[in-house]
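Each in structure tokens, the structures are laid out below.
Heads up, the next two complexes both have subunit A, just with different partners, subunit B and then subunit C.
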Partner chain A sequence: MFRRPNLYTSYEAENQIFPTWTQRGLAALAIIILLLMPFDVPVISQIPIVRFLGDSNWLRPVATMFIILVGALGFNLLAGVAGQVSLGHAFFMGAGAYTAAFLGGEGTDAVYGLGLPIWIWLPGAGVGAALVGMIIAPVAVKLRGLYLAIVTLGLVFIGIHMGNTSWGKKFAGDPGLGRSFPTFDIRLWKEEEPLLLMDDDSKWLWFEVSDSQKTYFFTLVIAIIALLVAKNLARSKTGRALQAIRDRDIAAEVMGVSEFRYKLIAFAVSSFFAGVSGAMFASLAGKLPAIQWNLFLSVEFVAIILIGGAGTVAGTVMGTVFVILLPLMIEELTIWLSEQIDQGGLFSPVANFLLTEGPDDFGPISIATQTPGWPLNVFDWNIALYGLLIIVFLIFEPLGLYGIWISIRNYWKGWPFSY
Partner chain B sequence: MTLVEEAPSAGTAGTGFRTVAARAKAWAETDPGHIAFREKDYGIWQEYTWAESWELIELAAHGLLEFGVEVGDRVSIHSEDRPEWVILDLAAVAVRGIAVGFYPTNPMAEVEYLLNDSGACVHMAEDQEQADKVFEMDQAQIPDVRKIIYCEARGFAGFDDSRLIYWDDFLEVGRKHREANPGAVAARMAAAEADDVMTLVYTSGTTGPPKGAMLTNANADFAMGRIIEETDAYPDGKAPNKSDQILTYLPLCHVAERIFSTWTMLSGGPTLNFAESIETVAVNLREVQPTLFFAVPRIWERLHAGVLIRGSDASRFKKFVLSTGMKAATYIGQAKVDNGGKHTAVSRVLHSVFYPLLFRAMLERIGLRHCRRASSGAAPIAPEVLQFFMGLGLDVYELYGMTENSAVATCNYPGRLKLGTVGEPYPGTGLRIDDETGEIQSQHAGVFKGYWNKPEKTAETFTADGWLRTGDVGEWVDGTHVKIVDRMKDIIITSGGKNISPSEIENSLKASPMIKEAMVIGDQRKYLTALIGIELDTVGNWALRRNIPYTTYRDLTEKPEVEQAIQKIVDETNEKFARVEQIKKFRMLPKELDHEDGELTATQKLKRSAMSAQFDELIEEMY
Partner chain C sequence: MADSSSSSPLAGLIKSPSLMALAAIVAAAAVFLVLQAANDPYTFLQALMKSFGLGAVYALIALGFVLIFKATQVVNFAQGALAMSGALFVSFMVSDGHIPFTTIRNPLVDMSPSWLGWFLSVLVALAVAAILGLIIERLTIRPMVGEPLFSVAVLTLGLEIFLRVFNNDAVKIEFRSLEVPWGVDGFNIGEAFVSWSYIAAMITAAVAFVAVFFFYRSRMGIAMRAVAYDQEAAMAQGINVGRVFAIAWAAGAVLAAIGGIFATQPPVAQTGAVQVETQLIAFRTLPAVILGGLDSVQGALIGGLIIGFAEIMAGQYASGQTDILGAGYPLIVPYVVMIIGLLIRPYGLFGTPEIRRV
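On to the complex of A and B.
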């Protein structure tokens, strides 16, 4: 009710995504900024983060981030909301990617491919992965916790192995190079001229739109749809049932929540998200070998929801941004630091201390791409940092970045008291 | 000096009065979609529009007709505040019956007394707890009760009693009756007279058994006109209107809550929000953020204590900000008190700095940020508490009245507020202070018809020239404002011959968050002493933070640290009073006082004689 935000006269009002007009306004503003970010629009392009991310070199990493976000939302639903610890998310992404390749890819002698348009292969990728997920779900009814994690871990290795079998190669292509995946071009059917070609520059309304900007928009729209679906699912009856199972499965069953049914839903929906994410990930990459759907990808999702805040959609968004953009920023920082040394800039002593440029130089970060041991290069540092951050967050802030936000918000919510 | 404000007129009686039921019907006709009530159920504030509410009232009224309620028959209601309370109350008035409210805390013996005294023929018992009180009595002891309506079905499955009927079934009975006799309720309503008794309000009975004060339609109409509709009493000059929100949480059987919630709703159209229970008032206040708020001193004291306690638990930076803010609030409060409730230049500047930073958030936490008029009444309150809220920017207007004059006596007005007084007599009402006894006397159209079935008690209440004796001793302040000294029979005369008002000292003690109850003793004694009861929550919390372990209430009161802390509060209080009024010794009450044990009345007032008898040993120890 107006001026009385806590006076709820219906459950709908209590469960709104954006309960106050301030929040609605901020959400609308965020979407406008995201839409205008790639363009050189006055004012908006001056906002610090936008100025940084809006750069054309960054559009592709940001698009990757949106794609990973879709998968992370699915993983959050399974692991965060329903509490089913899974390490098999990469497997489900792969299942989606190869379903997409089968449906939408070019068929050759070496690989299958039906060449169907995107409106079939993208949802199809989700459905394909969901079906695989539903096969796994009954296992989750039987096993929980660590055992489920081990079983799903096994899936990842089975998946990679299958990609190397003779019939697997028909889907996955050459084990070294992989196969080519369908592009984002939008066609009605198999016509030569697509309705919308994604990899050229053209004019939309009064904006000149480059290919990377188109990809950015496409992934942004999919990510927003995924966000809405994930948020609505989490606040619905299904979402509450999943949380009940997470908090105490036996108690949930006593209250009439069917464990089998909801674990099935959790795996199916989570895998659907993973499948869509995997298909888009592969499509953006162009060519991927099956080994790409490995344990490290799964762990990346674990890092995302643990750092962001398990069980919350907002936390998943924060975690994705953090985990995907952090390595890129560190890379950017390393480049900037080595430039400082070269140019003798203000920070060159700091850079000199941090970087190792030659065999006799001292510094924890190596700029070489291949390093035998200490000092580590940027890529190795990123992996180490994931582990470190997971440890730090689990110990000091189990609710993740979202938890930090909550404690800041509560500080002011309680003002001038502490409770 | 005797000051007669104005010869009382005949009031509005007989000319253009409207019963509360007629007002409800008018709202349903002119504004059917407006929200009349909100009740929190399953975590959600369920809304009742006026059209829905009137439908329920009409059905209930038809139901009462089916049960044979004749003109002047009593309908008793024994329930916490809930929409059914108001619906049945208005339905009873619609059929020209008399609604009688019981306190939910009334024990079985009192319920039996009240049922017999009022002779109620239809009784509403909220739930199994209240119904059990009736079933403990032999049916022969309460022969008049023909029907017992219950609202909460839980626990009733096993009962087999022809008198019992569930609320929904009762409405169904009404629906059938309405189909058979469509205009029956309307006909009763049309025949209503100004002199019809509409309700019996049982006085709390600090001395004898409760007496049922008869209030008529004319009394109610007059009270609404004086207390609610006078725009002078509102700081922004607007009478209650449809955008206002009220939180209903005090017992509706008390005349004050009836006036400040149901009658205010019927007069101006504010929405009533029923608090879930007295324990959840703090939470409900925050949700509802009422615009009009009436509270008894106990509630104001608790709100005040809540701010102090939560403030002392805050983090370091917040504590620093709070202590600075509190200094400003103290200054602002004092400045406003000295200036009749108005800002001075300095206090206005301070207010405009601290309000956005601190006070607004504090009022929001309490739940009174949107409150446009706050008032306190029904018992005397310590001025410190009112001054505290004035400092935060919430002016609390103390007012005064009693059941017998429909609560119409005096009221503080914005801009003319005098702290420590109960304000000025309402315009057009008679109020005088007797020269000899100092008793406040009142005469106007709101004065009640008499006590139910107690003509001799009624006669005692009026002076020879027909003025209502309030039993309160008062004095004029600056010729315009009335200051209440105390209840006449409570005034202490020490053996030295000094007249002392105990309630002033008691309230000063109770302004501390640690003290819940205080009773000053000293009648016919050499010096004053006091019995003090601690507030379990706050003292418990205080002890916890000092690592003082305790088990029970009694154990806590016996801790030397607690006694020292209370001694400090007593010493501080003593500084405010003259030598003869200082408390020389005190003892801690070993138990929490309770209505059911006969130490408090239903409105949580001390029963002094019962207390003196029960804690005789403690008292004698001190002399």
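On to the complex of A and C.
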């Protein structure tokens, strides 16, 4: 059906990941661009993200974004597809991170660590978190709606506290400093020389590859795998069962969808994603205290799902890009604005209005990092913006960025008619 | 789908082995506490008064949650930020002697006797908190009428994050004292030390619960209960649902602010000043709300007292195991009690089970 892209003759055809050739082309183009972006290729390296976040600095935030995307896909499966809104995603990420640290980390007197290679600790992190999720699931099945959200919120606090206990310290290290996590180095077993060392520069084929470029590729590959798994799960029998439970749980059970079974699956798979994401997040950070797995991280996932569009994989991707990169964009924008003031550029009136440099200046953004009183600095504004964006999207666009995209698409589909 | 909750709780207790085990644990803890009380009555009395003080603070904040939930069916996650904002308003009024957000000298602070000036200033601060609640309700909650309840709850999470930034900014450099007239002093019963703030919290909680009890019997209160029961039907009877929402949020914000004042006092904190941790009081209170039942006023009181009792007693008598339990373990006790309580009664002790229809 080359000329009639929306004419589906079978369920399989309609249910494809990319039903039209345009979408397939765009997806292929996106992957090619993502693969070439780290290199100095003429056109692609001029893409705003690359230039705007700084030539060499942008790789790390984008790698973080891919890692958060893995967790967000898991959260979308639980909260968006199955409708079980949990605030405990950070707890499951932490569970994965410490499983990874136990399996792959260096063991010392203070902390456990088996020093196993990445092909064990990365899936192991997911499995560990999934097991924790399966322990939680029977409780979760009994609870509905906000009761579930609050119990999982309690889990986050209990999880952070575990880092304070004498046995928790064996996994999490010192409560203030944290422990060091395994690196992304790829080994066959515990040998000294890894197959692929992540933290130095090397040469692949005819490319010079730096350490952050390697991390970028590694996280990109994991993110693409996670995307495929999440998308396939959402459009399979399991995904339909989860949606049925979300929409009307009693009706779903009447139709033979076992509520317990599928909620267990949802929690297990979602926690698996969270665990992998948490392990990679910790690994990228190198050293993290247990307090890092806090409620704010959980709310970040809620924000991603809501801003992107709950229940859709595409929306999750949009939400992650928006939520993770927006703060960085704002930081860069602030720096750029302050440069505008210094150089007297075209936008210096705007910058003068927005920024506060002296004591008698009443712009809302302060340039100094430590500011008492009214002009908040960029970091504070970013956090406030999170909250504000959640509110604004919920009030004005409950379907999120995905909903905006759909309405734009429908407008142009029907153009010049309004329907 | 009313499962075991419809049958007698005692019959359920005998049937279920896990409940029997739990009852055995509770009985053992009770015996242990009685033995401790007989052994060292003053330590026990001190812990008991402390637990009542903490329970009263929890009950106060839980009441704010319940008021808002009963009227609007929303768990207000922003309650902690509202509590801190309220406490900050009090601090702006009494500590700097300024009327909030102005440089105008507050005449109430200079009134003598000083406690009168303090109380009048707090009343004004609570009025400002109520206005904040009204503004939030009008701008963010009213447009969401008819939306899924979870969306509104997440919206309050957004509010919490948003308000938190500004609250934290106010106490970033130094804590802000509230200059409460009773201070951090107390009195002794034998060898047991009782802080005045425990008594103040208990009295305030008692007044608040009695006030809410009578409020629910007033014309507006009946309207609020009708709205809680069925929004559309209440609207059809000519009840102004918007006004009910507004009053619930104003009352919730005031209760949060009062709770915020006590969150700076012993037993919650020792400094008597607003600090970053003040807003965590709402997250610490959530177990009490959930244990009592989200839509039950007496549940808020009893849940608050149970959670306060469990937290203080665990802190008092399990401190020998701090190494295994971890430093600061009493703060986790409420969550553990909540999860165990919910396993047995999924809608809390006094909560109404949700009726699910196909």
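As a working rule, the second predicted complex is superposed on the first by the 393 of 419 C-alpha atoms of A that agree within 3 Å, B and C clash if a C-alpha of one lies under 4 Å from a C-alpha of the other, contacts with A are read in each partner's own complex, and residues count from 1 in each chain.
In this text, a contact is a pair of C-beta atoms (placed from the backbone, for glycine too) under 8 Å apart; a residue touches a chain by one contact, two chains touch by 3 or more.
This structure is a prediction, so every number in the text was calculated from the model and none was measured.
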item	value
Which of subunit B and subunit C A:Y11 touches, first, second, both or neither	first
First, second, both or neither for A:N57, with subunit B first and subunit C second	neither
Which of subunit B and subunit C A:Q46 touches, first, second, both or neither	neither
Contacts of A:W415 with subunit B and subunit C, given as first, second, both or neither	first
Superposed model, subunit A: greater residue contact from subunit B or subunit C	C
Contacts of A:Q343 with subunit B and subunit C, given as first, second, both or neither	neither
Subunit B versus subunit C as contact partner of A:L394, first or second or both or neither	second
First (subunit B), second (subunit C), both or neither touched by A:Y147	second
Complex contacts: residues of subunit C adjacent to subunit A	1, 75, 140, 143-144, 147, 149-155, 157-166, 168-169, 172-173, 283, 286-287, 289-290, 294, 323-329, 331-332, 335-336, 338-339, 342-343, 346-347, 354, 356-358
In the complex, subunit A residues that touch subunit B	3-4, 6-11, 14, 414-419
Residue numbers on subunit A that touch subunit C, as the complex places them	85, 139, 142-147, 149-151, 153-155, 157-158, 161-168, 248-251, 254, 295-296, 299, 302-303, 306, 371-374, 376, 380-381, 383-384, 386-391, 394-395, 398
Interfacial residue positions of subunit B with respect to subunit A in the complex	38, 43-47, 245, 273, 286-289, 310-311, 313-315, 318, 321-322, 325, 358, 361-362, 365, 370
